[in-house]
Amino acid sequence: MKYIEDRVEDIQITYIGGGSRGWAWQLMSDLAREPQLAGTVTLYDIDYEAALQNEKIGNRLKDREDVKGKWQYRADKSLESALKGADFVVISILPGTFDEMASDVHAPEKYGIYQSVGDTVGPGGLIRGLRTVPMYVEFAKAIEKNCPEAFVINYTNPMSLCVKTLYEVFPGIKAFGCCHEVFNAQNLLAAALKDIEGIEGATREEIKINVKGINHFTWIDEASYKGLDLMPIYKQFVDKYYENGFEEGKTGNWMNDFFESANRVKFDLFKRYGIIAAAGDRHLAEFMSGNWYIENPETVMDWKFSLTPVSWRKEDLKERLAKSKRLVKGEEVFEVKDSGEEGVRQIKALVGLEELVTNVNLPNEGQIFNLPRGSIVETNAIFRRGQVLPIVAGKLPSAIQGIATRHITNAHLILEAALEKDKKKAFVAFANDPLVNISLEDTEELFEEMLKNTAAYLPGWKL
Amino acid sequence: MKYIEDRVEDIQITYIGGGSRGWAWQLMSDLAREPQLAGTVTLYDIDYEAALQNEKIGNRLKDREDVKGKWQYRADKSLESALKGADFVVISILPGTFDEMASDVHAPEKYGIYQSVGDTVGPGGLIRGLRTVPMYVEFAKAIEKNCPEAFVINYTNPMSLCVKTLYEVFPGIKAFGCCHEVFNAQNLLAAALKDIEGIEGATREEIKINVKGINHFTWIDEASYKGLDLMPIYKQFVDKYYENGFEEGKTGNWMNDFFESANRVKFDLFKRYGIIAAAGDRHLAEFMSGNWYIENPETVMDWKFSLTPVSWRKEDLKERLAKSKRLVKGEEVFEVKDSGEEGVRQIKALVGLEELVTNVNLPNEGQIFNLPRGSIVETNAIFRRGQVLPIVAGKLPSAIQGIATRHITNAHLILEAALEKDKKKAFVAFANDPLVNISLEDTEELFEEMLKNTAAYLPGWKL
Amino acid sequence: MKYIEDRVEDIQITYIGGGSRGWAWQLMSDLAREPQLAGTVTLYDIDYEAALQNEKIGNRLKDREDVKGKWQYRADKSLESALKGADFVVISILPGTFDEMASDVHAPEKYGIYQSVGDTVGPGGLIRGLRTVPMYVEFAKAIEKNCPEAFVINYTNPMSLCVKTLYEVFPGIKAFGCCHEVFNAQNLLAAALKDIEGIEGATREEIKINVKGINHFTWIDEASYKGLDLMPIYKQFVDKYYENGFEEGKTGNWMNDFFESANRVKFDLFKRYGIIAAAGDRHLAEFMSGNWYIENPETVMDWKFSLTPVSWRKEDLKERLAKSKRLVKGEEVFEVKDSGEEGVRQIKALVGLEELVTNVNLPNEGQIFNLPRGSIVETNAIFRRGQVLPIVAGKLPSAIQGIATRHITNAHLILEAALEKDKKKAFVAFANDPLVNISLEDTEELFEEMLKNTAAYLPGWKL
Amino acid sequence: MKYIEDRVEDIQITYIGGGSRGWAWQLMSDLAREPQLAGTVTLYDIDYEAALQNEKIGNRLKDREDVKGKWQYRADKSLESALKGADFVVISILPGTFDEMASDVHAPEKYGIYQSVGDTVGPGGLIRGLRTVPMYVEFAKAIEKNCPEAFVINYTNPMSLCVKTLYEVFPGIKAFGCCHEVFNAQNLLAAALKDIEGIEGATREEIKINVKGINHFTWIDEASYKGLDLMPIYKQFVDKYYENGFEEGKTGNWMNDFFESANRVKFDLFKRYGIIAAAGDRHLAEFMSGNWYIENPETVMDWKFSLTPVSWRKEDLKERLAKSKRLVKGEEVFEVKDSGEEGVRQIKALVGLEELVTNVNLPNEGQIFNLPRGSIVETNAIFRRGQVLPIVAGKLPSAIQGIATRHITNAHLILEAALEKDKKKAFVAFANDPLVNISLEDTEELFEEMLKNTAAYLPGWKL
């Protein structure tokens, strides 16, 4: 890495999951837009062909005139050699395939358990966690060996468990997890500001918030725009839209998009707990009792959010694979645009080009003092040259702390179960999830079935 | 209090709930059997007439030749004057009447929620908690004012919440909570010793155990009889009786007694977690998911324990009232026999007549280091002149710790809710209980109904 | 307070110690330079005449053309009425007079104990602490009653003890302590950057540092200028100047100024512990063993720093009193210039006009996880509208943690001693200070003498 | 190990330091007196000849008629094979020789630093610690490998550091440290009981105490004899003997015995802190400031305790070596008598033959909640079959906690320094000891000299 007056060159970024047709392209796009950074991106993927395609797509970019950030892309077959000398490691993988994810999300349906996402908590999130841990054990070991000083940015879910595993295996790792759910909450606050106060044009960055919680169950207890306190404004906004919801998604209508909602769950949680839930309704619903917002498709319809079917994800992937081919062949031009993610800004801050305050997932050292030390929590942190320092966010209200603790306990049990290949421990977590409100016998049956469906990713387990 | 060579006289005991026809008689009986102690028992009860009856019953005893412990009994109309100068305070009350308890236990049944006891956790235990806290606030204040140095022995449920409230209001209080559930587990271990090893005659006191957990969800991870390790013996015992259960109750058959069981829940928990659950099945079942052992009366039947109906308690009370009258009039002779409780032995130890190690409920100062500091936990403690010092019991297995933490969180929420008269907070605990597996709407409806049924004991609440 | 598009008006600041001829004038000057703020400053001082003089000096300012910040000044005889409605409270007092301070600093000299400042630790700092606590108890109570929502900025020493007392008495207080010692360390880093790398013009704000420790015993373990790591640069700098020291003070020579030094203590500590001591040598020396840097005036001379005599302070005060008279009469024009303090920038951030990261003293909630929870620690914090959130700074090296813990223990003992008027407890802290290396008899004699000298400020003590 | 109705046979005890002519003989003697235990003692010593001599001495015993406990003794040249299959491991070694100890104790004297024992804290204790750690690292590893389930009883000083090292290297170890200093305090309480109340014949075991602190700086805050509170009685006793001291040693006069004292330090500490210091004056004095009780030989004389010269220890050793020869040859008969130590009673309890409450050194899991988690603390513990469970002892008064924390910090620094062979870290601890009240230069000189004197035991260090 070479720092030259407001520019840093020769940065080495290693991308684990570098064959991805979503997150990888977003990073390429953001790097292409950034004039102050340059270097090499090494793409590692268990699907080497996919990484090779992205190498080609990426390398086309640097010759384009509209591209300000010039990067070399290189696919690598070996995790170890890909990591050698890395300054930054980005991890964004799909743990398993969409077939395993289909089991995660849909297998529980026959027992009346529905999931809107199924990648964080719930039976799906927990089973996904079981197969993710061994992968992250391998990553952590390889990072410790090949680039112990690198900053590691995780995008994979289940976020808390991925980050926890990295620190468990290599306590000296400089890893943090990033998620854009909180950004949406900032945008919603900007919308409230406009709707209630008539103040337009507030950017997301101008909406200053205090963030506290665990990933996808994150909360905001202070929000300001310049000299204005946004908390009473949000209260009015919720009162106004509580019954029918408020929508401002890409499509403008939650019914037309598997990722949208009308924020009704968020509003209901605000009314119950007095602070702002800061993740999307699809995520939030999964953290509460299975009988609340997500009892069955009708309840979900009433609360105006969506159950994202894995079949949709499979279709979507097909489209992205086709697009990838066109990009490789040059039949389509790669669109360079702001992804909305903050990875590149974080890298800029970490090499000393700016200072940034944003929300990340890190081990709790005191930033939320009524959650367990060492559990992965999401709060603001300050990014500077060589440091990510979490900001003390204060206590969670005890009601929310109780629910968060339950999920943290489950995550730690899943981690232990995965490390010890202990089926009994995994079952305890599974049965303790708030969505699993079924009989002991059914719980055991479902658990067995789901484990079997993901068995290919549980090496060494006695199933 | 006067210590005279292996005897202590002039002990002042104040009994809150002194009109009781159960616990109070047991204390009278145990005191009557104990030659080394003497003094006065002051009986306080909101039902003054009941206290007066017990005064009469008690005062008959000291003239009997077979009675070795000579005590003066005195009913007092005022809590404050009853406590003045007390060396020991015993609290054993019924919070509310059996009408409120009928609501606690049976109101949830129309939503498919069943409870075997309903006085600790579950919707019943939590609502009972709400009405108990203000009573204990009053007790704690009166003790701080009138006898701050007294030892306070609590028998009332919900145990953890009662003890927590005392410490919350008067942090200097010397209170602890006693429960005999663990004694039954010791007796079961003695039965296993006889059944598997053929060793007879082991007394409960000879079965040495390490106790850890929260009241009614207590666990044993070490058990010995002299030089023998009882853990592998218990394992064989469980394997032998897992399917059909093991019974050794007073009636010999769980179906004939609302307080018996065949220990099948206990055995199942042992198989799942590898350590011994040390409370009765009726209690244990209520701590687990509502869909496990207690989904409906049929499941309960399969697991061979009982749902104790409050109607039975009402009937039983009638009988005890009749008996009380006979005892007062002298138509029946008060039977002096060992109650099986340890209160009197504890008093003996606390005045310096012996040393005693037994299980009690105390604030966690480190005795169980993966439960929250300050939560009420049940472990062994050593009793000596002027001191009850808890013994470090070590960690709970993480699976059990997760479930215990959930109930602890709920108890703390109920305490906060009761102190702040905050309905929202109480609802969060209510909805977070593992037995409450019903829709959000139903949960709210049930909660409202149960609050209303107990409203007479929620002064100052906005219902 | 009124927020109007990038400006805030009607701010109410209450200044306790508002008669001061040092800190108060600096605040006036900084407020006069700041165009975005306006309002009223209420001056409270036990010397009401002094406050009145400052009222006059302050009110002259707003009519001057070169003054951009227009403020009303008002002296108030009553602490309570002065605080009513305050948005901000500034506390900057002299606890007692320079006569008490003369005893603090010079009484120990006859026992061979020397102190360079005598206001933080050492016999002087501890006795000063004893008389300061009751004043801060009064402040905290008055703030809780009259302006519980105000932000409270403390400048008085002993810093940690003053801030601790405020939180002890009123746990909900929004207080923090400010000290410019760390700013000097940033300037020294800028000097090193110029000296070693030839890079000129780096401003203090551009020197990004991670701050950790307790006030006046603060440390820096990460320092950057843009993309440069300053730690290896500082190492070279220390190696170069270790023997002779490095001076860049106002006078350029530590011998001519009682507040200067040649940084030799700082350099020696860096060599010993590997991280940068971030307070002035006069302060640092007092935290270490009395036999190290400050054994006697000759040692001090060798290490090239100064023992500030209180006689100088008395002389200096006379000059400032004369200046005050001239300013009141208009015989001298008040000079408006940057004070170098950050109070006004902090106020700007707290009303929402900017975001600021700077070092402050706050109760430890996890920002330094190997110092006790609740002790007052100095780290960076982020200032935003309505919030000061500390930044997690990480562990102190165990060697430094040991010394810091000793001083923290002493401060807590002094607080307890002052609250309980317990001479024995105060003596334990006194005897435990690293400067007090004298016999038990001498220690007791000195302690008695110093207590007597400050007795006027120890109401209710049995001396 | 074989449990047979109130007897246990085939116990394997491994004695590290088994060539000792003090502690080893005491164990032999206690084992010989105990009819309920039998088995093999394996003696391991770096001086194999010494172990062989003890083998012979030990094996003579079992044929004697007056010997009730029959044990086989066996010297072993290899630590590993000696530990194989051990049920109990006793460690009692001299770290280094008396030549190193002479440097520990006497080298500091030329700088005016005196030490009465020099094996726990002070410059001597810390340097001794540095050379002890590597030995204990080796023991811990060998125990983990050869007998991980064995109970390990440590008698070596520095006690806290020895036990800490064992747990640091092998966290699963079942080790605890034993010291008889507290027993003497119980005897002193019995003497006070006789002197003040005229009650004779109270045994040490009948004096019930609550123990808290760190080894050799242990405190008693509750003491009873049957129904009597001994605290007020001890107060009268101290008042009576404060000026002239109280003696009841073997010789009856502290001036004639290097191990006796008149308890004046203990009495002075009681007056200062209000609770009973429970170690001998020679130990206690070393924990306080070097200017208090131990400034020079005259101060020590005034306080009526002794500085034990290492020359005396060397002479004493000569005598014991001669005695050993006589015992081996059968020229002298081994005297079987109660040693006053509790090792054998502890073993009896741990195999299930009795229940024992006594004081031991264990990692802090909450037993003293204002000392750091994981530091080695001394409190009561309960011994039962297979378990040593510490008893919660409560907080130390903050004054004592401050001093204890300073020594704990130093011990942890010494451990880190020894593990990392880090001279700088060791120096920080050394300079931070309360006895080291000399200039920086002298401190460095003394430290260098003492390190050099012990260099043979610091393998791998750069000195």
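A few comments on the model shown:
Read from first to last, the chains carry the letters A, B, C and D; within each, the first residue is number 1.
The criterion applied here is as follows: a residue touches a chain if its C-beta (ideal position, glycine included) is under 8 Å from a C-beta of that chain, and two chains touch if they have at least 3 such contacts.
Here's who's who by UniProt: A, B, C, D = Alpha-galactosidase.
Please read these numbers as outputs of a predicted model, since none were measured by experiment.
Taking each chain's centre as the mean of its CA atoms, B is the chain most distant from chain C (Alpha-galactosidase).
Centre-to-centre spacing of chain A (Alpha-galactosidase) and chain D (Alpha-galactosidase) amounts to 55 Å, using the average Cα coordinate of each chain.
The mean-CA centres of chain B (Alpha-galactosidase) and chain D (Alpha-galactosidase) are about 43 angstrom from one another, to the nearest whole unit.
Counting only residues that touch two or more partner chains, chain A (Alpha-galactosidase) has none. Chain contact topology: the protein chains form a single closed ring, every chain touching exactly two others.
Across the assembly, chains come into contact as A-B, A-C, B-D, C-D.
The touching residues of chain D (Alpha-galactosidase), when paired with chain B (Alpha-galactosidase) in their complex, are 3, 6, 8, 208, 210, 222, 224, 226-229, 351-353, 355, 357, 365-367, 369, 380, 382, 384-387, 389-394. Within the complex formed with chain A (Alpha-galactosidase), the residues of chain B (Alpha-galactosidase) that make contact are 272-273, 289-293, 295, 299, 398-399, 401-403, 405-406, 409-410, 412-413, 416, 424-425, 427-429, 431-432, 436-440, 442-443.
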